[in-house]
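Two complexes follow with chain A in common, the first pairing it with chain B and the second with chain C.
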Partner chain A sequence: MAERTFKIWRGNNDGGEFVEYKIDVGPGWVVLDCVHRIQQQHATDLACRWNCKAGKCGSCSMEINGKPRLGCMTRMNSFGPEEVITIQPLKAFPVIKDLVTDVKWNYEQNKRIPPLKPKARGADGHHRMMQEDVDRVQEFRKCIECFLCQDTCHVLRDHEKHDKFVGPRFMVRLASLEMHPLDTEDRVDKMRKEFGSGWCNITRCCTEVCPEHIGITDNAIIPMKERVVDRTYDPIAWFFRKVFGKK
Partner chain B sequence: MTTTTARTAIGGHQNTFAATRRDDKWWVGPVLTASGLALFFGYLTLRVFSGVYYWADPYLSPVASPPVFTPAAGAGVVPVSHAWLGAFPSFWPRFLPQSPGFFLPVLAICFRMTCYYYRKAYYRAFAATPPACGVRGVPLKYRGETALLLFQNLHRYALYGALFLLIFLWLDGFKAFFFHGHFGMGVGTVMLMVNAALLTGYTFGCHSWRHLIGGKLDCFSCDGGSRARYGIWKKSSWLNARHMQFAWISLVWVALTDFYIWMVSSGAIKDLNTW
Partner chain C sequence: MSNGPSVSELQTIEHDVLVIGAGGAGLRAAIECSRQGLNTGLVCKSLLGKAHTVMAEGGMAAAMGNVDARDSWKVHFRDTMRGGKFLNNWRMAELHAKEAPDRVRELEEWGAVFDRTKEGLISQRNFGGHRYPRLAHVGDRTGLELIRSLQDYGVHQGIHVHMECTALDLMKDGDRVCGVLAYWRDTGRFVLMKAKAVILCTGGVGKAWRITSNSWEYTADGLAMAYLAGAELLDLEFTQFHPTGMVWPPSVRGTLVTEGVRGDGGILLNKEGKRFMFNYISPRFAPETADTEAEANRWLQGDKAARRPPELLTRDEVARAINAEVKAGRGSEHGGVYLDIASRLPAETIKKKLPSMYHQFKELAEVDITKQPMEVGPTLHYHMGGILVDAETQMTTVPGLFAAGECAAGLHGANRLGGNSLSDLLVFGRRAGLGAKEFAASAPAPKIDDAQVLASMRRATDILNRDTGTNPFVLQEQMQDMMGKNVGIIRTKSELETAVSEIDKLRSEADKVKAHSTSQYNAGWHTALDLRNLLVAAEGVTRAALTREESRGAHTREDFPGEREEWLKYNVIVKRGAGGEMVVEKRERKPGPGPLVAIAQSKIEDLEAGKVEPDYK
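After this line comes the complex of A and B, so read on.
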């Protein structure tokens, strides 16, 4: 056991302050273990959302030394022995209390996205897909909705364009639907006009923080931006659509 | 043991430029990127404007390839017979050097400037939007790529230009095996061939190429054409995952190749070859 120092932001959406805690940390501990020990020993009212402690529920998102990370997947031995660990709530969303933020805005964005509209079943009454057609979509299904990508996206985090851009998480969801081999819904125009694909400037922080290592930028956002280019900005594609009437 | 500190902004997040709680050297990345871009693009820009020492028979610098016009005379200039339209016309402005680099090689600049990787690089390094993840960017009005930067959406046209250029860069490599009709090779031949190979890796890992060749399809298995495109898309995806590496290595190699040809052309060094 070794004594470690933590600075945890305590407060709500009206204001707050950093509070320093010192606890003994054991081998193999993660930051979430430390938060729980602080709750036990020093601050029983310290609010922190968590659930699985295995990096699969996406609940314990927080900012650890300025980086959006999962508390349960951040090992204490990844820090220097004298390093003070600063823990903050996510910046992109309103604070409810201490480390807990109100992420309901994300669920509202999800509801805005037109759901899967499958094509008609085959003559045998089944839908069939080949593995190579769903590989791309299956990568996106790894998302645990921790919203770290939303938090680190500077469009939401710094510029607060929540009314313009749905954020990387929902660009991934849009991609998973648009690339689905059975889907017949067309979301490309909405992608630009309503979901704000043009607000992303490809600085790739979303990809860097994703705990599931989803290629958010390369495999979801850029392919969707390219589909928007097909539809809206490419003059030759526009000409062919006008002449041949094909979308 | 607990200690409280002064009250801070909500969540402890400041909104001033470069504010962050990160305690690592987050600024190293943008500084290195800015330095690298300034160094290599700066060098290539100066070489385009220099207008001399692009030709050291049988090597043609990628900075001047393919030459549309070439000066009628000068140090290390491309022979008039090699230029598509011969010597520069008499009405060419006097204040501009007679450089073949002002024509088709500009397509390569357009390709890199609108590249999805370079966008990350220069948005972070020069525009600071944001300089690094979790670091507050420039607190100016932000429009993303919805207004002034809408032109970035035409990256695929820059790709078409780059594909066109690639043909000539490979031709330059093959021509570099022949000196006055005699087959052989020199250091310059190797540099030109590696240059073409690296630029091929960079170009075919392009996000727009990956989209156009197969990424735009929703069904890869639906017909023979889709299956063929799926195969190419997978190879492009492999290159795409290494797009940043190809972007940097090919950029450095273009500059090195040009520098080597400049040195040979000016007589500063002698080309090692089999002729």
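After this line comes the complex of A and C, so read on.
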């Protein structure tokens, strides 16, 4: 056990401030353990989301020493022994209280995306898909909806274009549908016109913060942007699509 | 809110059916209600998609026969009954085995992307207690795939989703349920939700113990609300300790390590490096379990003549074996045993098949599972017991109140097989939706009794309004430690009696608990409110455990070793007595239907040869 110092943002949408706490930290602790200890010993009304405590649910997103992180996957021994740990809520979303932000906007974006429209099953009642063909979709489906990518995306974080761009999370969702071997829906036009794929200028910040190590920019956003470009500006591709169908 | 609650100013929402809990069962139930044309509300204690279903790792059991064509619903049914030590509800086990494959295919239709076989079909993996590779899976994150597929499909079905909303009490109109009082976490304000039928899908009771794989949400809310509303609870003594939870570092003690590690060839070793599971094969499973390492390895290579490794015995057996090794002084450094996959598979295969285990150990324990063994030990994982329901409709003994998923009981008997939970959620979530639809069709409009609403609000606001009182976090920990000490894997009369009297003391302490500050997103207040429910569960489990004087499945009595034929005839029922006291009743079970009994007790060779009940489809 060693004493460590924390500065945690306390407040609500009327404003707030950093409050300092000192607690004894045990072996193997992560930042979320420390928040819980502070709750128990110093601030029982401290608001913080969490669930699985194993990096699988994406609830405990927060900004730790300025970086969007999961509290449950940030080990205390990743900091210097004297380093003060500063914790604040996600900046890209309105604060509810303390470390909890209002992330409902994300759920609204998901609802706007046309869902999977699967093709018919084979005569034997099975869908057939090869593992090689689902690998790339499975990468996207690892997403735990922690919204750290949304938080770090400068289109949302700094420019607040929530009404223009669905953000990296939902570009990943769109890619997972567009590359789904069973899907027959077409979302490419909407991607440009409604979901704002053009707003992303590929700074790769989202990829860097993804706790699931999804290749958000290279594997999801860029291929989707390419589809938009092909559709919008390539007349030959347009012609082939008309004749032979989508994929 | 400090001025005292009033019903007239209360926000009121009305639905035909209200589903409480948004894990796999709740989402599936809500989807079914919505498809049936009902106005459906879905209450989530957390954000949508965060429920504990995301933690399910290994897979979803369904006899599709994609990997081994010998599989059939009858073998799945037989495995489930044997795993549950024949205490399962016969009809539920039958329905589950028959309907699970359709539920998996339906999920694929809704977007789930399962791992594939070489032929491009849904792949299926081996798991403890399942005779054939049966678990449809996505690496070791099947639960996430399930909940996300239901969520992404569900949001387009017109369901009204109420996120970060906690149910406090069921409201009743005479005998039947007519709604629930809840509060919003973000504001701390109350909301009254009226409905013709309510479906509880609130999950388990894990937070009554310290070492658990469950998150903060699993505080027995549905179980306790149903009990307080007059519903009967079934076989609460059966609490599953998953054999492999993490044991080090202390902050992650209890976090789940998937059974998939053993399904993919992982072995359990004691500190002497000995593969000890061969010493713990019970007579029931001996004919179907390998007795040498050579045979176990052949099975893993796909030799259909070889028998299964003993690491894949049912969870109750493996948990007891680990417990015994540690007690005998052969445990690992931090009081567990070793689970080794590093020496069994190439590093790349481990990373491919068990990616989240690889990350979990690397990032939380600084252990590279492709090079080092994991340290594991039992962790409270699942509640087989729960709310008594009708097998077909999932209605409880209270009209208008339904339950599905972990908070309901019957399917798993005395012990659940891994992989049978995810399929349970889908099969009975759907059935609960259909059951609620049928009930709601003829139910009158809900009528709310203000006195009940006021009493519920007052209980909640008293916690904030009293001047001083106990710290709710401290009290919760006291209860967890007490349960771990007295109501663990191995139980005795004296410890269980100690627990009963300790629970009494904790309850009077809980009545004096104090939360500071306002009701807005107040963790202390939430913890204080959950205490009542946890204590109902703790008392129910303890009293049921005292009543069942035998050892069966997950319930082991040191003073009553072994299964007693006599006890197979009984369920243990817990309900609320007229004076508010907890009543425990030993209730005789109906004998199983002839064909099902014949299938469950058949020799596997006869069943595979089609000789057992061939006309029973």
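Simple rule for what comes next: the second predicted complex is superposed on the first by the 233 of 247 C-alpha atoms of A that agree within 3 Å, B and C clash if a C-alpha of one lies under 4 Å from a C-alpha of the other, contacts with A are read in each partner's own complex, and residues count from 1 in each chain.
Heads up, the rule we're going with is that a residue touches a chain if its C-beta (ideal position, glycine included) is under 8 Å from a C-beta of that chain, and two chains touch if they have at least 3 such contacts.
For clarity, every value in this text was computed on a predicted model and none was experimentally measured.
By the touch criterion stated above, A:Gly58 is placed in contact with chain C alone, chain B being left untouched. Once the two complexes are overlaid on the shared chain, A:Arg4 sits clear of chain B and of chain C alike.
Once the two complexes are laid over each other on the shared chain, residue contacts for A:Pro89 go to chain B alone; chain C is not touched. Of the two partner chains placed by the overlay, neither chain B nor chain C lies in contact with A:His162. Once chain A of one complex is fitted onto chain A of the other, the partner contacts of A:Glu20 are limited to chain B, with no touch recorded for chain C.
With both structures placed on the common chain, the touch criterion links A:Arg187 to neither chain B nor chain C. In the superposed model, A:Trp199 makes contact with chain B only, not with chain C. In the superposition on chain A, A:Met130 makes contact with both chain B and chain C.
Common to the chain B and chain C interfaces on chain A are residues 130, 180. Listing the residues of chain C that touch chain A in their complex gives 46-52, 54-55, 105, 108-111, 113, 115-116, 119-121, 138-139, 141, 144-145, 148, 152-153, 155-156, 161, 163, 186, 215-217, 248-252, 255-256, 356, 359-360, 363-365, 471-474, 515-518, 520-525, 527.
Contact residues of chain A toward chain C in the complex are 12, 26-30, 33, 39-40, 44-59, 73, 75, 96-98, 100, 102-104, 107, 110-111, 115-116, 118, 125-131, 134, 137-138, 141-145, 173, 177, 180. Residues 7, 9, 11, 13, 15-22, 42-43, 63, 65-68, 83, 86, 88-91, 95, 101, 130, 132-133, 152, 154-155, 158-159, 161, 165, 178-181, 183, 196, 198-205, 208-209, 215, 217-218, 222-223, 225-230, 232-234 of chain A touch chain B in their complex. In the complex of the two chains, the chain B residues touching chain A come out as 1-8, 10-13, 15, 20-24, 116, 119-120, 123-124, 129-130, 133-137, 139, 142-146, 149-150, 153-156, 207-208, 210-212, 215-216, 218-221, 230, 240-241, 243.
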